[in-house]
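What follows is one structure encoded as C-alpha cells, with my remarks underneath.
Chain nomenclature is as follows: A, B and C, assigned in order of appearance, with residue numbering initiated at 1 for each chain independently.
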Amino acid sequence: MKKINKEQLKQLVEAALFVADSPVSKVTLKETVLSDFQVSERALNDVLKTLMLDYQPRGIQLVEVASGYRFQSLDSLSPWLSKMWQESAPRYSRAMLETLALIAYRQPITRGEIEAVRGVAVSSNIVRTLTERNWIKVVGHKEVPGRPALYATTRQFLDYFSLKSLADLPSSDVFEALDDQTQPPATATLDAPSEDDRAIETAEQKREENE
Amino acid sequence: MTDVENASELTAADPVQQPLPLAFIHGEALIEKPQDLYIPPDALEVILETFEGPLDLLLYLIRKQKFDITALPVADITAQYMEYVEVMKSLKLELAAEYLLMAAILAEIKSRLLLPRRSDEDDDEEDPRAELIRRLREYEAVKVAAQSLDEQPRLERDIFAVKADVADSVSPIRIEPDVSLQELVLAFGHAMKRAAAFEHHTIEREVLSTRERMSQILSMVNSQTYTPLDALFTPEEGRGGVVVSFLAILELVKEQLLLCVQAGPYSRIHVKLGQHEENQ
Amino acid sequence: MKKINKEQLKQLVEAALFVADSPVSKVTLKETVLSDFQVSERALNDVLKTLMLDYQPRGIQLVEVASGYRFQSLDSLSPWLSKMWQESAPRYSRAMLETLALIAYRQPITRGEIEAVRGVAVSSNIVRTLTERNWIKVVGHKEVPGRPALYATTRQFLDYFSLKSLADLPSSDVFEALDDQTQPPATATLDAPSEDDRAIETAEQKREENE
C-alpha cells in the first residue's frame, strides 16, 4: 500500500467522480481508484468536503445522493442548460406522481392499497413506466389472497430526486401528522365496518384480483 | 361565498382556473350557474383526468367553499358533488365507477345523519363521516406529497448529471486469475498420467531419448574448438532422430552448456562447450 | 438579448461543457445556452481561457479538440482511473493449466508436442492468453515441416511463481501424495480417462474458443 499526498488524492477522487457514469460511493472509490493507496476514512471525508467547498462558487456542484457522490449542474442554470437538448424533460402526470409519492411514503405497498387511498384504479401503464425508469421495484408479495406485489422505491429513485435517503423526502411531516391524528378513528371504523365499508373493500379486492 | 377572488386563491394544481363560466347541462348553455360550479367547456372533456378521482373532486369542492374538512357538511357537499356527476353524465362522459361509488357513499352518510339517534347508542356509534374524513385527509396528504415531490430538484429537468471524458490513456483493467504453483504441478502430473495411459511407450521414450542425446552431444564437443552444428545430426536416424538431436541442442544452449556461433547470415553454425562449464 | 456578467457566463459555460455528451463548439454554446444573452466573441474566449487555467491544477482538464471544448481526466491519473472499469477474468480451465505445465516442464515444446501428450488439440485461445499474460513466449521454430513455434516460459512466469530458475520447479511427485489425499475421485478418473473426460475437454475448448 503506497502513500498518497492530499493534493494527489484530491485530484484522483475528483477525476474519478467526474468520469463515472453514476454516483460513486466511498466504498467503490476505495476498491477501485484508491486500491493501491493507504487512505484513511478521515482523509477521504476531508477530500470530499474540500471538493464540495471548491465547487461551491462554480457552475457545477459536488453533492451526496443515496448511492454516493456525484457532480451535477447548478440547478439555477437549468433554464439555459436545458436548451442543449432538443427534447424537454418529461413531465409526469398527477396520477403518476401521486402513485410514486404513495410508494415512496408508504412502502412497501400493494397496488390495491394505493387505489384505496387515491380512490381510483392505478393504471398498469403507470406501474410499468415507474418500473422501467427503475424508480420502483417489487420487493415481495403480501400474504393475502392473490398475493399482490409489494412495491418500494429504489436507490435510483432517490438519486434522481437528489435525495440521500427516504428520510429526506419532502413534506414527510404531512404524513406523520396524518398518522398521529387519524389512525385511531380509522381503527375504530375498522372494528365496526359498515355496509359501505364492505362495499369499498369488495371493490378493492376485485381490483386487486384483476391485477 | 364563492367569487372570483376565491377562485384565484386556488393553488396552481387546482384544475379550474379559466374564468369562462360556460357549461352545457342537458343541452342548455349555462352561464355562471351555480357560481361555484362553473366548468369551462374545454375542461369538461378532461374532467376525469383533471380530477384524480372522487376524493380529489370532493377535496376541491371542500377547499373551494373553505369548509373545514373535520366538520364535513355532508348535505352541501353531496349536492355539489351530484351536480358534477350530473354534468359528467349529461356529457356522456364514461363515468368511472369510482365516482358513482362515492355518490353512493355520500348518500349513505347523509341518510345516516338524518336518522334520529337513540340515546343509548350514542356512546359506541361512530360519526358516519369519520371514515370519509380520514380518507380525505389521507388523500390530501398524498396530493401534497406528490406536489412537493414534483418540486424536488430532479435530474434531467432542474439538474443535469455532469460527466468528463476519460483521457485516451484510460483502458479497462482485466484482473487475471490466480494460479498456484501447486495447481501447475498437479496439472503437469495429470497430463503426464493421462498421456501414459494413452500412449505409454512413445512419450517415455522420447523424453528419455532427448536426455540421452544431450549427453551424447556433450561428449561430441569440446571447449577449445568449434564443431559444425550439422555434424551433430545423424540423417540416417530419420526425422525423429534429427528432432531429438535438435531438442537436445536447444536444451543444452538454454542451459548454457553449449555455445552457438554463426559468422554471418545463412553461414554454418558452430558449437562448442559453454563458458561456465570450463569454470567449474 | 440580456446582459450576463462574467461570473455567470463562466458558470454557464462551465456547466454546459460538463453536461454535454460530446465536445461543444463555441458556435453551439452561442446557439444554445447563450442564446438569450449578448456575449461577444472576446468575452467567450476569455471565459474559456479562464476555465482552462482554473482547472490546470485539478484532476480534470479543459481541452480543445477538433469539434470543440471538452473536460477530460488528467492523463497521469489513467492507471488508477482504469480501475473503475476493471473486470475479473474467469478462472483458468484445466486445458489451460496443463498446457502451461507442459510448457514449463518440457520447454522448449511445440504445440503439436503438447497435443501429443494431452491427446487433444490445444486451442489458439489458450496460447494467446498465456502469451498475453507474458508467461510463455516463442523461443524459436522447430526445424520440421511447417517449422512449428517452440514455446518456453518467461522470466515473468518465474517471478509470478516466485521461482529463481526453472530448476526450482518442483517435481510433480512432490504434490502427488497431497493430491491423492485431497482429491481422490479426481485422480481416479484421471488414471483411467474415459469418454467423459474427452467430452469435458472438448466442451472446455469450445468455451475457450468462444471467449
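FYI, a contact is a pair of C-beta atoms (placed from the backbone, for glycine too) under 8 Å apart; a residue touches a chain by one contact, two chains touch by 3 or more.
Given the structure is predicted, the values throughout are model-derived calculations rather than measurements.
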Most central chain, Cα average position: B
Hey, which chain ends up farthest from chain C, C-alpha centres compared? A
Dist(centroid_CA(chain B), centroid_CA(chain C)) in Å evaluates to 25
Chain A to chain C, mean C-alpha position gap in Å, rounds to 36
Could you please state the distance in Å, as a whole number, between where the Cα atoms of chain A are centred and where those of chain B are centred? 14
Check: chain B positions touching at least 2 other chains come out as 160-166, 170
By residue number and range, which residues of chain C touch two or more other chains? 15, 18-19, 60, 71, 73-74, 77, 81, 83, 86
Complex interface listing, chain B residues touching chain C: 160-177, 179, 181-195, 197-199, 202-203, 207, 239, 242-243, 246-247, 250-251, 254
For chain C, which residues count as touching chain B in their complex? 15, 18-19, 21, 60, 70-75, 77-78, 81-83, 85-92, 94, 97-98, 100-102, 104-108, 116-119, 133, 139-140, 142-144, 150, 152, 160-163, 169-176, 178-179, 190-193, 197
Chain A partner contacts - residues on chain C that touch it in the complex: 10-16, 18-20, 32-36, 58-60, 71, 73-74, 77, 80-81, 83-84, 86
Hey, which residues of chain B end up touching chain A in the complex? 13, 49, 52-56, 96-98, 101-102, 104-105, 108-109, 124, 126, 128, 130-131, 133-135, 137-139, 141-166, 170
